[in-house]
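Look at the two complexes coming up: subunit A is in both, with subunit B in one and subunit C in the other.
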Partner chain A sequence: MALLTVEGLQVHFGHDENQVQALYDVDLTIEPGEIVGLVGESGSGKTVTSLALMGLLDPRSSRIEGRAVLDGQPLWNERGERNAARRDVPLAMVFQEPMTALDPVFTVGSQLMETLRTRRGMDKAQARAESVALLDAVGISDPKARMKAYPHELSGGMRQRVMIAIALACDPKLLIADEPTTAVDVTIQAQLLDLIKSLARERGMSVLFVTHDLGVVSETCDRMITMYAGRIVERGPVAEVLGSPGHPYTMGLLAALPSPGSRGERLATIPGRVPPPGTTVEGCVFRPRCPFAVDECTKPQDLIPLSTAREARCIRSRELDFQGVAR
Partner chain B sequence: MSTPLLSLEDVSVRFPVGGRRHVTAVDGVSLELCEGETLGLIGESGSGKSTVARAAMGLVPISGGTVRWRGEDVSGFGAKERRGFSQAVQMVFQDPHSALDPRRTILQSVREPLDVMKRGERQDREQIAVKALEDVGLSTQMLSRYPHQLSGGQKQRANIARALVTNPQVLVCDESVAALDVALQAEILNLLQDLKAEYELTVLFISHDLSVVGYVADRISVMYLGNIVENATTESLVGRSLHPYSEALLSAQPLVHDSSAERRIVLKGDIPSPVSPPPGCRFNTRCQFAQEGCREEKPALLPVLPGHSSACLRVEELYGERRGKGAA
Partner chain C sequence: MRIFRVVGTCLLSAVPTLILATLIVFLLQRLIPGDPAVAIAGDYATPENLARIREELGLDQPLVMQYLSWIGNAFTGDLGTSFQTGESITALVLQRLPVTLVLTTMALVVAVVIGLPAGVWAAQKVDTPFDRFLTTAATAGIAIPNFWLGMMLIIVFALTLGWFPGPGGVSLQSDPAQALRGLVLPALALGLVGGAEICRQVRSAMVESLSTDYVRTHRAKGLTNRSIVWKHALKNSSLPLATIIGLQVSRLIGGAVVVEAVFGISGIGSLAVEATNQRDYGVIQAVVFVAALIVLLTNLIVDVSYRLLDPRIS
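Coming up: the complex of A and B.
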């Protein structure tokens, strides 16, 4: 059985006539132990999806519809109200910028222990011992001494490791990682990606990896989901999707990547911008930017199955051969 | 080779860190920027890449060495020459938003360098600014807008326009595409290539992203803790790097077409603090090939192959090439 099942997730922001829709009918499933990449440009809805799952969208300014079940527990009820027992839901998140996610006036030890004591009901001594063990598990050397460190005393890579340790303190079955390596150097990124992969493997934990970097997806994820303007436009196993994309948007993202091999050539660009939330486009949302658009694209588009595990929201994906990368 | 346009000779930059201590952010760096080329400068944060750029432009005082513009020492420049130099070397910064004044319109911001230099009449200045904005692909309706009304890509275009109004010969791009999405990044990279041809620019391109630098640069210098550890043409460096740090940096880059974890060399730990750099080769604390000698002797950057120099004591054992052999 799938660990996470999301059906028809819709998110609206604002009220009445100022209301804009940010997510349209997002369906997704994550199997136990699976690492799924959620890809797209800024404004594509990837962060709104993860915040909705985490229950971090303010109910006063947003409205959630649809169903989401994690490990047998619904994340919200029919009226979109958050599950009262949410604290027990085995879900945790790592954010992009560890410096703003950690509290600058508390030591990392006290922030870890706080989580352990509220979420796992440990007493002080237990929490301290567990915190040291967690810091050790995320590869922080001399964890006992680091317990007393403040966030500013740590490097960017170490801070992100602390964030991961705090997320693990909740013993999650699903970890949502929102651009966790965007703010660090490539060498540190390589360390963090290895860490996340090995933690997922050792703990049988699933990861929803939100990123705009297709290279990172290629290195870490089993499956990927491409989002555009609040909709899922393509999903499937990473190797297949990158090898031969089923949607022109995925192809565009791939073609825009620079590499030493393409020096002197012009990079392919995707003309135009992601439409701001609330814009209505007739038919396929990507149509105004798509080089392959035809008259039929003005009709509403569904996700079309391409093979057993692959789907794309493009009526021309079977007839056209979108350029991928040789792997 | 003709006289380089802009060159740094053994330049050091030190900053006080309190208690009479100093941090040497840039330590004896030599660089040559030749007319018409694009030189890439890569390294992790804290390696001193931005400080090199600032030192070259005179934005930070240098504590040792010489910066030369067309062969002449810039420290000897009088006010007039100084002004000519700052017009000729312009910079595009990383964060497009914080580089623009939120209270000025785009046109005002782009015109500002010309106002400061009191060049010509106000109307002429305005015309130059409008032309530059056209060149970077911003339509006339954007001119009276404020930075918050523009998207990230449009803001970066405005920043590029502002760097171009003084008709510079050298453009320094400090992480100019790092804050942008892939699709936008591709647009700005294409734009920079077009402008380079149109304005006959020489570019110093600083980035931590190897695929971006590899795409734009003719030559690449790799920096680590204030030192240049390898210097080579892009083909040579990407094809066969001759320094363990460059190798690790190249291998850490996640690639879409190759997900094999085996090729990756994952460096242990973080870049050491430049306040107390390790003795000997500065990379020895993280290098998988470090030996006793690496902790004692600081390797100089020496030519190994024609146009390819490396600062590693063990080049011969590791890569089968002798140091000091090739032509400089």
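Coming up: the complex of A and C.
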């Protein structure tokens, strides 16, 4: 049975006539132990999806529809209200900005310990011992001394490790990682990716990896989901999707990657930009930017199965041979 | 150990401020028209008489010498003798100071007890009718002069309802309990305005704290709203909070001058008013000196608390 099942997830922001739809009928499943990449440009809806799952969207300015069940527990009720017992849901998140995501006036230790005490009902001594163990598990040297450190005394990479430790303190079965390596430099990025991968393997934890970086996806993920303008446009095993994308948008993202052979050439770009939330496009939402658009693309598009595990929201995906990258 | 170093540094930096404050008061006194010797001897005194009085009071010395001898004595606890009564000014100040200290402390408690929760509530309900009501009320509160508020409180709670004694109550030394009861209305008159100010500052600081990334992290970890608001967001808002409370102390001391007059309290504020009317330089200087000391001490506490509240300040 899937660990996470999301069906028909829709998110609206604002009220009444100012209402803007940010997510359209997002379905997704994540199996236990699986690492899934959620890919898209800024504004594609990937962060809204993760915040909705985390229950971090402000109920005063947003409305959630659809069903989401994690490990047998619903994340919200029929009216879109957050599950009151959310604290028992095995879900945690690592954020993009390690510089601002940690509380500056509390020590690393106290931020870890309070998480353990709230989420796992530990007493002070247990929480302290477990915190040290968690800091050790995320590769922080001299964890006992680091317990007393304030976030500003740590480097960006270290802070992100602390963030991961705090997420692990929630004992998650699913970890949502929202661009966790964007704000750190490349060597640290590789270390953090390895860390997340090995932690997932050791703990049998699933990861939803939100990123715009296809390099990260190909290194880290088992499966990937491409989002565009609040909709899933393609999904499938990473090797298959990157080898021969089923949607022109995924192809465009791949073509925009620099590769060793492309030195000196201009990088490809996708013309235009993501339509702002609330704009209505007839038929395929990518049509205005798509080099392969035909008349039929003005009709509503469904996800079309391409193989057992693959789907793409493009009527021409079987007929056209979109260019992928050799892995 | 860190705390001792912090206090030491702050104390050292307070000395020049204190010297500057006393110097300004000292010079201002000498610049305003009017001669204390005339005030003592009367308008028809002989020039010899005036000269003798000036010599006795040291007024014939150069200004620098006058200032140095005064400040030297002040730091050893001797604030001089009153030109008017010949009493020791130190004794006079010590007799009048306690009631003012009690009054301003009570007013500060009123300000914080009202302003802090109101600001935190408003921040949580930001942009709701409740928030708009509180913000409007706070703005109106800041605009109310405390002497007017004092008179309204006397009319309603002392004269009409009779819940509290009216102006001119007993002294703190003779009947402390009754005196404290008498200080409730003045403390309200003095503290409500400060509470309005604190409410506004706390609200804006809390609105900012509550919208930060780390608060989102705390929500993601599943902390209760109470812990997020009252522990994390409040501690992160504590620098502006400490600043505004510190500022309130100097405002309250200044406001005490007026409120003591309205309520007939013989504290240090009314002492300053009396001394000014009688051109009693020594007493005015002493009052300003004591007020400056209190304000500097407050700043010291605020400075130290910054460093304790925010580990990033070293």
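Operating definition for what follows: the second predicted complex is superposed on the first by the 326 of 327 C-alpha atoms of A that agree within 3 Å, B and C clash if a C-alpha of one lies under 4 Å from a C-alpha of the other, contacts with A are read in each partner's own complex, and residues count from 1 in each chain.
Operating definition for what follows: a residue touches a chain if its C-beta (ideal position, glycine included) is under 8 Å from a C-beta of that chain, and two chains touch if they have at least 3 such contacts.
Note that the structure is predicted; figures quoted are calculated from it, not measured.
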Clash or fit, subunit B versus subunit C on superposed subunit A:
fit
Between subunit B and subunit C, whom does A:T269 touch in the aligned arrangement: first, second, both, or neither?
first
Using the superposition on chain A described above, determine whether A:V20 touches subunit B (first), subunit C (second), both, or neither.
neither
Quick one: classify A:V105 as touching subunit B (first), subunit C (second), both or neither.
second
Give me the angle at the C-alpha centre of subunit A between the C-alpha centres of subunit B and subunit C, rounded to the nearest 10 degrees.
80
A:A256 contacts which: subunit B (first), subunit C (second), both, neither?
first
Considering only C-alpha atoms, give the closest distance between subunit B and subunit C in the superposition, rounded to the nearest Å.
13
Subunit A residues touching subunit B in their complex are 41-42, 155-158, 185-191, 193-194, 212-219, 238-239, 242, 252-254, 256-260, 262-263, 266-270, 273, 325-327
Of all residues in subunit A, those that touch subunit C in their complex
54-56, 86-87, 92-93, 95, 97, 100-106, 114-115, 118-119, 150, 152, 163, 166, 169-170
Could you please specify the touching residues of subunit C with respect to subunit A in the complex?
212-214, 216-224, 227, 232, 235-236, 238, 309-312
Contact set on subunit B toward subunit A in their complex
44-45, 151-152, 181-187, 189-190, 193, 208-212, 214-216, 234-235, 238, 248-249, 252-259, 261, 264, 266-267, 270-271
